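The following pair of complexes shares a single chain, chain A, combined with chain B in the former and chain C in the latter.
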Partner chain A sequence: MSLNSRRALLRALPLALVSSLALSAPLAAQDETVTIGYAVSKSGPNATGAGITTIPNYELWVGEVNAAGGLEMPDGSRRMIEVIEYDDRSSAEDLVRAIERLATQDEVDLILPPWGTGGNLAIAPLMDRFGYPQLAVTAVTDKAPDFAARWERSFWMLGGGHDYATALVETLSAAKEAGTINDKVAMISVADGFGIDLVKAARPAFEEAGFELVYDESYPLGTSDFATILNEVQGSGADSFVAFSYPPGSFGVTKQAITAGVNPKVFYIGVGGAFPVYQKISGGAQEGVMSIGGVDAANPAIQDYFARHTETIGAPPDSWASAVTYASLEMLEEAVKRVGLDHAALAEELSTGSFETVLGEVKLEDNQLRQLWWVGQWQGDSFVAVSPADREGAAAPVIPKPEW
Partner chain B sequence: MILSTLFLGLVLGGTYALLALGLSLQYGIARIMNLAYGEFMLLACFAVFMMFTSWGIGPLWGLLVVVPLGYALGWGIHALMMRPLLKRSGGGGRLEVDTILATFGLLFVVQGLMLVSFGSDFTSYSYLDRGIALLGTTVAANRLIAFVLSLVIGFGLYAVLVRSRWGRALRAVALAPDSAYLVGIDVNRLGRQGFALGGALAAAGGALVSMFQTFSATDGVVFTMKALIVVIMGGVGNILGALIAGLLLGLAETFVAAFIDPGLTLAATYTLFLAVLLWRPTGLFGRAGG
Partner chain C sequence: MLYLGIAAVSVGGLSVLPFLLGDYGTGLLVGLAGYVTLATAWAMFSGPTRYISLATVAFFGVGAYTVAVLNEVLPYPLVLLCAAGIGATMALLVGLSTLRLAGIYFVIFSFGLAELVRQLITWFEVNVTGTLGRYIFLDLGAREIYWQLLALGVCTIGLAAWIRRSRLGLALRVIGDDETVAAHSGINLARSKLVLFVASATIITLVGAIQAPRWVYVEPSIVFNPTVSFLTVIMALLGGATRLWGPLCGAVPLFLLFEWLSARFPDHFSILLGLLFMAVVYALPNGVLAAIEGLRKPKRNGASKEATA
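For the complex of A and B:
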């Protein structure tokens, strides 16, 4: 658990100023900052996800707020943000300890959530005990309504596996009705949390929609070779291939499908499909691949966000949870401006207020964000949203997908 | 169907063997259980990735660079980090414990350095990705090359260990480090060479695997785990054992995936592992080198 160098710098700067200018009130300078703490995975297996979705958006937002003079308070004054950052080394114990430390020793004003469903669930009771609002962005869980009720100041912003799976089935149903694909689906899923959630919801939904699951198998986490599975899929006669996978698997199955010339009319993969790196992984053949998430690429607010992210961080954001993460920070910023830093008032405002964000105007329902994109598709250089199809900004899905 | 599954299994197994050869040498000859082994493979992955994307040097040519570098790095680490531990231990079980702890620390240092220099994002590039139709199935050219090279490296190394005087000395060090002195073998020097050779193989494995697998700076543990299973199954320090154990694991995985259930591949791997250990606690080919 190392203190961030930025914190050291921010600590050192006022002190240096104080000593050189011989001012006598070093504490006054600190009083005027807002301390925001977070613990994220900067090493270990979760570092990849945190490094794509969470950390860049925190850095982008803090940089922008401080460049504008700081976080605006209800009285119109601005206070600079001081960040206290810990590495949880992808371990839930370390994460919990870090949150405890942030709350009791560092006594930060606000705590930003860690990356991942597990991490957010691990700290939820603690955040509740200390009274901090928890904007659980990167937590996907069907139990979000229960959690929101149990921990009143928690907010769940990425839906549940059920939402994603049923939206996919709806999208494919529409294509089946239109006669562009047959009623056979080949489905694989990773035998781990999110994959299981998705496949459990997808199985009955597919059957209800009149699809036949001609291939339905799970594979263990960490599988890197999909040649055998793809052989079977190839011979199954299914027009649609659905993989509820995690990033390494999503990439592996894509690469091997390209190599083996497996060309289903629908090629859907799980987490990772919306990452900018996917274009490189598919060697530029990403056109038509479907996955989780999506953005309204024609929206100027999103375009502007992508441009700022690319300029500051050096890479575009992912097209699933990144914009939602950034929007949660915009909500926090606006709520602080309205009601200040009191935790109860903040939670109340987040829960009931409506906010202008990169996702458009956002209002939580029962402490959950429901205005989400469930299915997206690569069209050109953007991963655009295609479901819910009736929402403004949705693109029409391209089915059948062009060959690799 | 059976033929194509057999073929896919062999290709996958070749990759596993490739992962394990270096670790087997490092543990077998230098008696150092290198937990940072996967991180060294990743260093090679990133090195060939940088060479390919910045200068357009293909990973196969990149091997000519990373393999000597891997040897040098292994040599350096042995000289700087392992030597004091070796001196202190005076042989026996203490060395294993000490080196496990030391390389465990090294794992985090190397991972941290990679996170700082390359970031945490997934890394991938396309090289020889096109499929080759063989025996009723399609295999990526890069996987095929990795498979062939793993066989070449494995059998080549085996030949060197069995046929050459140097190889015999290495095996003597592996088999009886305490007695090897008596016939005039410089155990320390050969141990260092064995460790460095393991580093070179780790680099070769990393460079070849990076052609077809997406990797990120935190993936080292995955490589180390797979390699450990293969090494222990094949018999520590036994090159031929590592090769055969790797191929067996690959075959088991693909056959289970094709004919039983892809969900049971991991179970099949560990069942095979357990069965081998129950039947032969020292691994398929026992302890004797070569």
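For the complex of A and C:
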């Protein structure tokens, strides 16, 4: 092959492929369907989180809406949902490109957010530029107020690390004042964004509440041996053990605490504690374990949601972000019914309207969902909410927790 | 002269593409230009020396992190300069201490390097700055990022072409064939490898730095994603790591193929990636360009001379 013709081929190849990609993209929305696009991590490190919290709820909701005849429009007509989904392979670059593709190539009517704080921040400027409302559920960030102001059509629905940490301190303070636990706390945290956010907020809050941090260490993400840590915790004299941990670390520390017979009066772990699989991990000894999130298990709407999720997906949802994800979709559905698919009107409605969801009546404050459960605890077969304690539906925390 | 003319026209054509292709097309071009540059830079060192490096993402991530740390304190061009400087320094230190390793030891070390850098940054952020996760609010659209990557890619291919014709390129090919012979012919092994390693790593660092503003939020687990290293290697190997245009010929079709797969088979990416890896290694050990030439009768031009060299 001569150099010239090879060059020509090299130049022609990408163009040909690009145009074939463009042609093979699904046809633009027809009048009778609503196209909804999302890019989520189906492979790579984020796939676990997306597979537990995000994807099942998207599938459940789309299935239910379509079974009911489609998404209801303001004029009462119903339009079936057509889904376009991409795998972002847990890469921010691929995710950003997928959003560009959904917005400009597929020209979808609505875009659902990806899983994770990083993913939601990566797409926020694009969603803003293309004008799509962004219901960022699985993003825990203390900067939510700044982001909501920066990108007017973004909604932040899972609070920040500060909220979770201070709520935990309040719960423990109440127990300390009641005399059920002493003033010593042993705390460990995973060295990633999430662990650091929580521990940074927890340290001053514990001290202010009169607790003494007798043990305070961070451990690298991926640590699987907690024996030494638990040994020192055991010897520290603390009644409360707090681990701002991440799966699989949350599971590892639980199993090893059971094996070693480490029985603090408060056993708190981070992400993963509210997962249904936690019951299996702890061998049925989950009673009294505290973690992030929680649900109002006595609420019929939540019970119904758990039943539908279990039936359709084959597993119950997690008791932290799943219900919030589903509620965000219910809000979207209701907003479309009220104002249609116009992005500006939708964003306005989401920002100002109030909505009936599985979480109860929901109204955003400054584009953020603040009506959240911050601390939960395993009581029986449910991971119930215990904080904020004064909110309707909160259960009383069981402290001290029964031994493993 | 003719080649320069063709090159100028092609670069001109490539740089106006974003105006014709729209937002998604531009996004594709960013990815394409990024991986073509990564694969070419990777092959610049690993092709002739046959040191398979899995450290791509170590440098790529350092570039991205540098931008995340400095984007609010320094003007953008200076940030890029700092990124290049940090990448080069790191490559120099790493190269000095490890380029004596050979074969599988180097592969393992280079893979570990990415994890090492990631843990070091994490440790530093946790214990010193008390924050993990940084924001990049730079007003750079996909188009500006593409143009920077295109410029970097053109420079990389130009540099690779120049090195191939220089004494250094010849020296590296001898090293790749037989280090003992190379040493006996008076080639300074350590210096030749080090120069190329630093050049290659600096370019890779810059790719990470240029792409980072697209992600807005950066934390170690996002920028040190090992998939980047694997994709770079497989792209360069598919095209042929010992040829100038090989990495490009591997990167473009593979990138577009992955893009197509992520839409058509969103649930099977990992399986398909693995199968593709095996196919490339077993069926096309020298790359597609060599395979195509093997099918055709060798002609009297530059390419066939290389094949016999």
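What we mean here is this: the second predicted complex is superposed on the first by the 375 of 404 C-alpha atoms of A that agree within 3 Å, B and C clash if a C-alpha of one lies under 4 Å from a C-alpha of the other, contacts with A are read in each partner's own complex, and residues count from 1 in each chain.
Throughout what follows, a contact is a pair of C-beta atoms (placed from the backbone, for glycine too) under 8 Å apart; a residue touches a chain by one contact, two chains touch by 3 or more.
No experiment lies behind these values; they were computed from the predicted model shown.
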item: Partner chain in contact with A:A191 - chain B first, chain C second, else both or neither; value: both
item: First, second, both or neither for A:P220, with chain B first and chain C second; value: both
item: Touched partner set for A:P45, first chain B, second chain C, both or neither; value: both
item: Contacts of A:G283 with chain B and chain C, given as first, second, both or neither; value: first
item: Touching partner for A:K255 - first (chain B), second (chain C), both, neither; value: first
item: Touched partner set for A:P247, first chain B, second chain C, both or neither; value: first
item: Contacts of A:A92 with chain B and chain C, given as first, second, both or neither; value: second
item: Which superposed partner A:K200 touches (first chain B, second chain C, both, neither); value: second
item: Residues of chain A touched, compared between chain B and chain C (which is higher); value: C
item: Chain B and chain C contact sites that coincide on chain A, given as residue numbers; value: 42-45, 90, 191, 218, 220
item: Interfacial residue positions of chain B with respect to chain A in the complex; value: 4-5, 8, 11-12, 15, 108, 111-112, 115, 119-126, 129-131, 137-140, 212-214, 216-218, 221-222, 253-254, 257-258, 261-263, 265-267
item: Residue numbers on chain C that touch chain A, as the complex places them; value: 6, 10, 13, 21-28, 30-32, 34, 119, 122-123, 125-127, 130-133, 135, 142, 211, 214-222, 225, 227-228, 245, 248-249, 252-253, 256, 259-260, 262-263, 266-267, 269-270, 292, 296, 301-302
item: Interfacial residue positions of chain A with respect to chain C in the complex; value: 1-4, 6-7, 10-11, 13-14, 17-18, 21-22, 24-25, 42-45, 84-94, 96-98, 100-101, 103-105, 117-118, 121-122, 124-125, 191-193, 196, 200, 218, 220-221
item: Chain B contact footprint on chain A (complex, rising order); value: 42-45, 47-48, 50-52, 90, 188, 191, 217-220, 222-225, 227-229, 231-232, 247-248, 251-252, 255-256, 258-261, 272, 275, 277, 280-281, 283, 315
